[in-house]
Amino acid sequence: MSDTHAQTQPFVRGEMLPESEPPLAEKGAVKWLRENLFSGWLNILLTVVSLYVIWVVLSTVVPWTVLGIWDADSLTGCREIRDARYGEGMEVACWAVIADRWQQLLFGFYPRDLYARPVLALLVFFAGIAPVLFTGLPRKLLWGSLAAPFVMYWLLWGGSIWGPIVVALGLAVGALAFQVGNRAQGALLGGILAIVVPILYWLFLAGPLIRALASVLPIGIEFVPSDDFGGFMLSFIIGIAGITLSLPLGILLALGRQSDLFIINKVSVAFIEIIRGVPLIVWLFTASLLLNYFLPPGTNFDLMLRVIIMVTFFASAYIAEVVRGGLAALPKGQYEAGDALGLDYAKSMRLIILPQALKIAIPGIVNTFIGLFKDTTLVVFIGLLDPIGLSNSIRATTDWNGIYWELFVFIGILFFICCYSMGRYSLALERKLTRENR
Amino acid sequence: MSAISHEPQAGGFRLSQLIYDTRYRSLTIQVVALILLVLGLSWLVSNTVQNLEALGKDFDFGFLTQPAGYDINQRLIEYDSQMSHGRAALVGILNTLLVALLGCAAATILGVFFGVLRLSKNWLVARLAAVYVEGFRNVPLLLWIIAIFAIMAEGMPQPRDFREGGGASMLVGDSVAVTNRGIYIPNVVFTRSLGGNEVVAPEPEEPDDAGTTGVASGTYGGSRIATGGAGVSTGQDDQDAADARNAQSAAGEDDAAEGEIVPSSSALDWLVVLGLLVLGIIAARMVTAWAKRKQEATGKRPRTLWINLALILVAPAIALFLLGAQFDYPVLGGFNFDGGVHLRNSLIALWFALSLYTGAFVAEIVRGGILAISKGQSEAAFALGLRPNRTMRLIILPQALRVIIPPLISQYLNLTKNSSLAIAVGYMDARSTLGGITINQTGRELEGMLLLGLFYLVLSLVISSLMNVYNNSVKLKER
Amino acid sequence: MTATDIETERHIDRSAMTVSDEVAIEIRGMNKWFGSFHVLRDINLTVYRGERIVICGPSGSGKSTLIRCINRLEEHQQGDITVDGTLLSSDLKNIDRIRSEVGMVFQHFNLFPHLTILENCTLAPIWVRKVPKKEAEATAMHYLERVKIPEQAHKYPGQLSGGQQQRVAIARSLCMNPRIMLFDEPTSALDPEMIKEVLDTMIGLAEEGMTMLCVTHEMGFARQVANRVIFMDQGQIVEQNEPEEFFNNPQSERTKLFLSQILGH
Amino acid sequence: AQTLDDVQSRGNLNCGVTTGLVGFAAPDANGVWEGFDVAVCRAVAAAIFGDPMAVEFVPTTGQTRFTALASGEIDLLARNTTWTFTRDTDLNNEFVGINYYDGQGFMVPRDLGVSSALELDGATVCIQTGTTTELNLADFFRVNNIEYEPVPIETNAEAQQQYLAGACDVYTTDASGLAATRATFEDPSAHVILPEIISKEPLGPLVRHGDNEWGDIARWVLNALIAAEELGVTSANVEQLAEEGTDNPEINRLLGVEGELGAMIGLSNDWAVNAIAAGGNYGELFERHIGESTPIGLARGLNAQWTEGGLLYAPPFR
Amino acid sequence: MTATDIETERHIDRSAMTVSDEVAIEIRGMNKWFGSFHVLRDINLTVYRGERIVICGPSGSGKSTLIRCINRLEEHQQGDITVDGTLLSSDLKNIDRIRSEVGMVFQHFNLFPHLTILENCTLAPIWVRKVPKKEAEATAMHYLERVKIPEQAHKYPGQLSGGQQQRVAIARSLCMNPRIMLFDEPTSALDPEMIKEVLDTMIGLAEEGMTMLCVTHEMGFARQVANRVIFMDQGQIVEQNEPEEFFNNPQSERTKLFLSQILGH
């Protein structure tokens, strides 16, 4: 029995068929509508329900927003204008409170004529963060990133220029100590010295040095106490300070958690788990109620600083987990290649592992920052005047007592804009990373 | 290099080995770290001791047994202002657990719902779902909690609007009242309660007037306490009831049997009902297993839906009947509704806000999980002849769940921790009782915060260890 | 594309490879659009029971789309497709009937990673055909033996090599006792050594007289096994012929160009 | 004297206030704090530095206020805080006097038709947490054996919003707060403050235990303000009186014309002049921030001078 | 594994391929366990300077582990390893010294993807040997020319093909002027065309008299370049011999079996 080819009729197409238009139902707006909105009973129902929801929301919100009153100097004024304009009983927004207090909501009680300084500080922040986020920029700019926190501090708080400079010198002292130790006894001693010497310097030498320099060469700008900080500026400062300060700590914790040294590993794990296991608000109360107990009797620094310390600890636990993810994503071969070339632990971390791991971790870090930024609103519970706290104080003035939604809407929109754009950014970054890794 | 030149391993131990020998080096580092750690900790402790001394405070948990003095409206166990701070803390802890549990459940439902909607083919619906997700994710939770609390207070009718001509009416056949103080739903009470029923002679007044006096409104006290309570009872209700009874028996020659049985509920009743429910579920699972065996044997799977429903529902229903279950409907009293179960605004607002906020994150997780399952999987299933719903159940869900559950549980963790924002709406959770009023009234910050932190820590660790167990059990086998 | 040279050695038993007069698949004037893009243009094709048809053509010419239309993984917009006498319409029952007649093997295997090999194979028989589990497992083991990997039955897909996975995918389809098998580039995601295993399995199927439609660029396979080769370009069937004729004496310019490219390597 | 030294070397006074309570403390559009409590801080600062603006205001919540004081974050807490036994003793504070005699009251919508707190059985009551009001409320209802439903709220603004929306029948807080809140309602006359005052709420500034000198300064600045009203010294005439002297020896001692009172508490001799010039005497402050001419419109009532039938009674300056 | 046939054509210059009496590596009674699993059992091996040793054996036989022990990527538990006169102990200084004497090339190249090719090559000289940057770059360019990719110096590893990457990896090792090179299956992750490039580079190294230990299954390379072939199985050295003898006349049964498999394809 052989193969039967009986039915196989050779066929050759003489002329190629041209492309033709799809049937009507397959193109244009009709198709779009049919596929996207009305492709079945369920879908039609969903579309109708959605339209209804949109209508209900918009029909209440839009008139309230659009007809809102901008020109009044108190809630009573608003109500009078409203009654005159739209007749009684009409609910419209009283945006006048925003017009009156927007500066306060943004900058707190920061002196008006110095508003340029926080804005400049924000720009410095962006300039400092750029080389971290965009790896294409020259590496030299990273020195600028290192200087940025000190410049920002000086711009925000002002005062003598020597404070930030002398404190920043501590880093140089640390680097020097490391070099000396490294020469003398190797990286281990260098590492220990690099931690201990700057701490001693900051504790005992920095203060007198600042005072001496300030009395010899009093250069400085107007000092602004942290009690004057508030509004979105406060949220930004706490958020940014938290995330930048927590980065080094978070990296150390991540390395500690990866380490096979039992004690270091367990201490890191315990720190991370304890911090993450307890809500931020409890930590904030700790900052406000307890932190002073743990410090030497008599020390007392302002609440904002204490909050920043607590937030830094809090953020560092989260950063540690993000960085750990980055470390884990690196193939083992990278570690081994470093070892095989004779690089020691510190060098292979610094030159090979961390640059790669941090790059992978950036989207996660940005997301942590978004979370932290939103969480800064919790400081209202310990009496700091963040936007929500300020909205309470604004309501406590006789002019604006009784105003409610307008402030929340304003605050909500500002938060939304910030967080949404950062979220988009981190998403784009993530996509770019996955593309590159392919 | 010529000959082998290594020095013979000296038997003795040299100090430089501490640094250069890999075996000792790690030990050295750890000992140094340990010393630093101990130094740091002891520094903190000694500071604390000194500071406490300077302030004349001590470290003492005795305050937990002292009377709290404040009232808590929302409580799952009996509590009044004369009970101890410890008891108040327990009430708060249970409240935290309650809202966390409710929140996790609702956030899951919302998240799955909106996650699926975001994948909907309907453009409008997908967009709306995206607006929900982005809106809630990008605005601080605190703002949402406050806003929802305020919307509920302003948007819902007041109890007094339910009076004649007030413009509001109760739902579901006059059994549910949605007010701006919360939602009142019917409560189930028993005329033959296992906890025993009180017998009271018929009230001389018209029932309509009931609720305006302390005695009458106190008669439902038992049910309130068991279900979260409608209000703060001053601890004298039992006394009142007893007085009323005494007065009754003293005044009238009527036999107690002719009196009216006051329906009530006790923990025992609910234990019985719940027990039967659990038994029913176990039986239903056994039926399902039987159906599975049957299918394996014959290929046909018996329909078990109705059998299961019956198994689960019938026994508890009979129990309810035997116990003389009846609804205790909320009725408009003096200022508020009386009777029924009162779900307070603070609870509802916190619950809503937490679940809406977390739900937005869950929606993204669900969406990601479903998208992570390649289209090829469903195509392969279709090509084998499986219907879409079977494909979903047998192919897509089991795979998506592995992707979804770990981040989902960490969202649960976040929700639990975020429930501490209860402070914004005055929901009396652990932070508000133990970490709030108690600390404030007793001045025991250190002890209170320590206990509070410990509570959250233990809770988190329990949840995350559950997660690890799960993760290990579903790991995909790879080469 | 040299891996198939190995096949030249294998002796193929053609005894069961008979083509009957019975029509297995009939496609009449079929057109399909993706949006406004005309993917398939006026496709007419009759497949008789027992035929082994290889479809080839440049990438994007609509080969996959064509065979995916046959079991309704894609919907066509014009024309009729009749499979085993059942007209493919949006009637769910017909779709079910057709899908249980037609097995399909994908380029990327699409095994279910959360189920063992055995469970992968028994899933559809149990839930679609309502076969008792025991029986389904026996059948599954039978086919797993047929594709030479019975010993892997209790492993998970992730633990198998690509070639083994593709053979499981074939076994999984076979467990539904399909009368027609569709293959969409079953070997193109595989390493050369593994291609052989899979092609061997497919040849085995052909020897047993299975009706097969196979999108593939393995020309060795086409030469030895197919009784008809179809060349598609720009959504149309440009040429079809017996393999010998097709390869040695292509008629259309396009076919010639394509063959010169594909056999060039 | 430690605290005074610290304050002087720092150059300003750290004063704890509320995060915002109408009439008592709130920042205006320029961020300048104003209010009745704030005025106490300003007077103390003026007494020390001669400059009423040398104050840093630290907003505190009900929860954080005592710790802020105990930890030294603030030097003086002027935040409508009720003077109670435990707060004075167990919590290690030192109340330096009373700047407002208050009591806890109830406010209800007029159309509820309630005329006495005893009719509130079953009512829903909004309270601010972290204050003595919670405890008073619990006691009041327990003693009177009536039921209520407490709704604890974190801030006054929120409580006000809840009350107006009808989420609670009753709002309870210090009577002054009730009046202040009611004043800002769209229709104040639709709400009544019930006659029962269920507690004594003596509100006053406080300092830490342990630094009696510092406590003296705060105490006597407050007394100076009260005495000034009694003696007819106002911000308008204080400079003149201080320069020219009077024939009332107590005024002279108060204003430093006679004697060395200032030195006894470690301040300059014109401390009281500065304190009074800062915002006026007690009566002036009252009128300006919460008195009947303000929207808040509180009557002097108990807070009138003892000579006018009130409770204000400054010890003699001698 | 037929790709090495290509090499048979190349003329190999054996003039510098001399083996001296000097001991480069000496392994005595070495044992290693992973947990309770005994991976390496009583290994004894002396490598003289200039030797080119190929290690082969079935997967899991411990080949990689053996050469990884030589530069302490794995720690051995018993026995002595002496490299260039330095005893490998837990003394960090000795480990450092050995690592800078011994270069290693991995199966998966392990280039640093965030650094350019040039930076990859200069990293270790600059940071470990403290060579000035200029000088290090000059050396690096020298070796990059040697492996025939100087023009890629400023690209990133991701932009290179596998074969080029492996050559960079070799150049990177050479930049440290190692006296001994270890290769762990340097060609097994490469496509056939690229294997040639890399083997060529390795042959070049051998011609210059480098001491080499190479785990590989490229038997052509072994035949031409190695002066000794070691066969390992189950963690033991089963047989070692000159290549001709080893391939043509294996002694042990296991070796025979292995060779039949590996030369079979």
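Each chain gets a letter, A, B, C, D and E, in the order it is written, and its residues are counted from 1.
We adopt the following convention: a contact is a pair of C-beta atoms (placed from the backbone, for glycine too) under 8 Å apart; a residue touches a chain by one contact, two chains touch by 3 or more.
Here the structure is a predicted model, which is why all the values come from computation and not from measurement.
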| item | value |
| --- | --- |
| For chain A and chain B, chains touching each | C, D, E |
| Angle (degrees, nearest 5) of the CA superposition of chain C onto chain E | 155 |
| Chain occupying the middle, per Cα centroid | A |
| Label of the chain whose CA centroid is most distant from the centroid of chain B | E |
| Winner on C-beta contact pairs when B-E is weighed against A-E | A-E |
| Centroid-based (C-alpha) most distant chain relative to chain D | C |
| Separation of mean Cα positions, chain C and chain A [Å, integer] | 53 |
| Averaged-CA centre spacing for the pair chain E and chain D, given as whole angstrom | 84 |
| Chain B and chain D, separation of their C-alpha mean positions in angstrom | 41 |
| Whole-Å gap separating chain C and chain D, where each centre is the average of the chain's CA atoms | 88 |
| Where chain B touches two or more other chains at once, by residue number | 19-20, 25, 146, 150, 423, 439, 445 |
| Multi-chain contact residues (two or more partners), chain C | none |
| Interface hub residues of chain A, defined as touching at least two other chains | 285, 289, 292-293, 380-381, 404 |
| Full enumeration of touching chain pairs | A-B, A-C, A-D, A-E, B-C, B-D, B-E |
| Touching residues (chain side chain C, partner chain A) in the complex | 14-15, 17-19, 21, 31, 33, 35-38, 41-42, 46, 48, 51, 77-78, 227-228, 233-242, 245, 251-252 |
| Touching residues (chain side chain E, partner chain A) in the complex | 71-73, 96, 99-100, 102-104, 106, 108-114, 123-124, 127-128, 158, 172-173, 176 |
| For the chain E and chain B complex, residues of the former touching the latter | 22-23, 26, 82, 84-87, 89-95 |
| Sites on chain B touched by chain A in the complex | 19-20, 25-26, 28-30, 32-34, 37, 44, 47-48, 50-52, 54, 120-125, 128, 134-135, 137-143, 146-147, 150, 417-418, 420-421, 423, 431, 435, 439, 445-446, 449, 452-453, 456-457, 459-461 |
| Of all residues in chain D, those that touch chain B in their complex | 62-63, 66-67, 70, 86, 90-92, 112, 120-124, 129-130, 134-135, 137-139, 141-142, 145-154, 158, 161-162, 165-169, 209 |
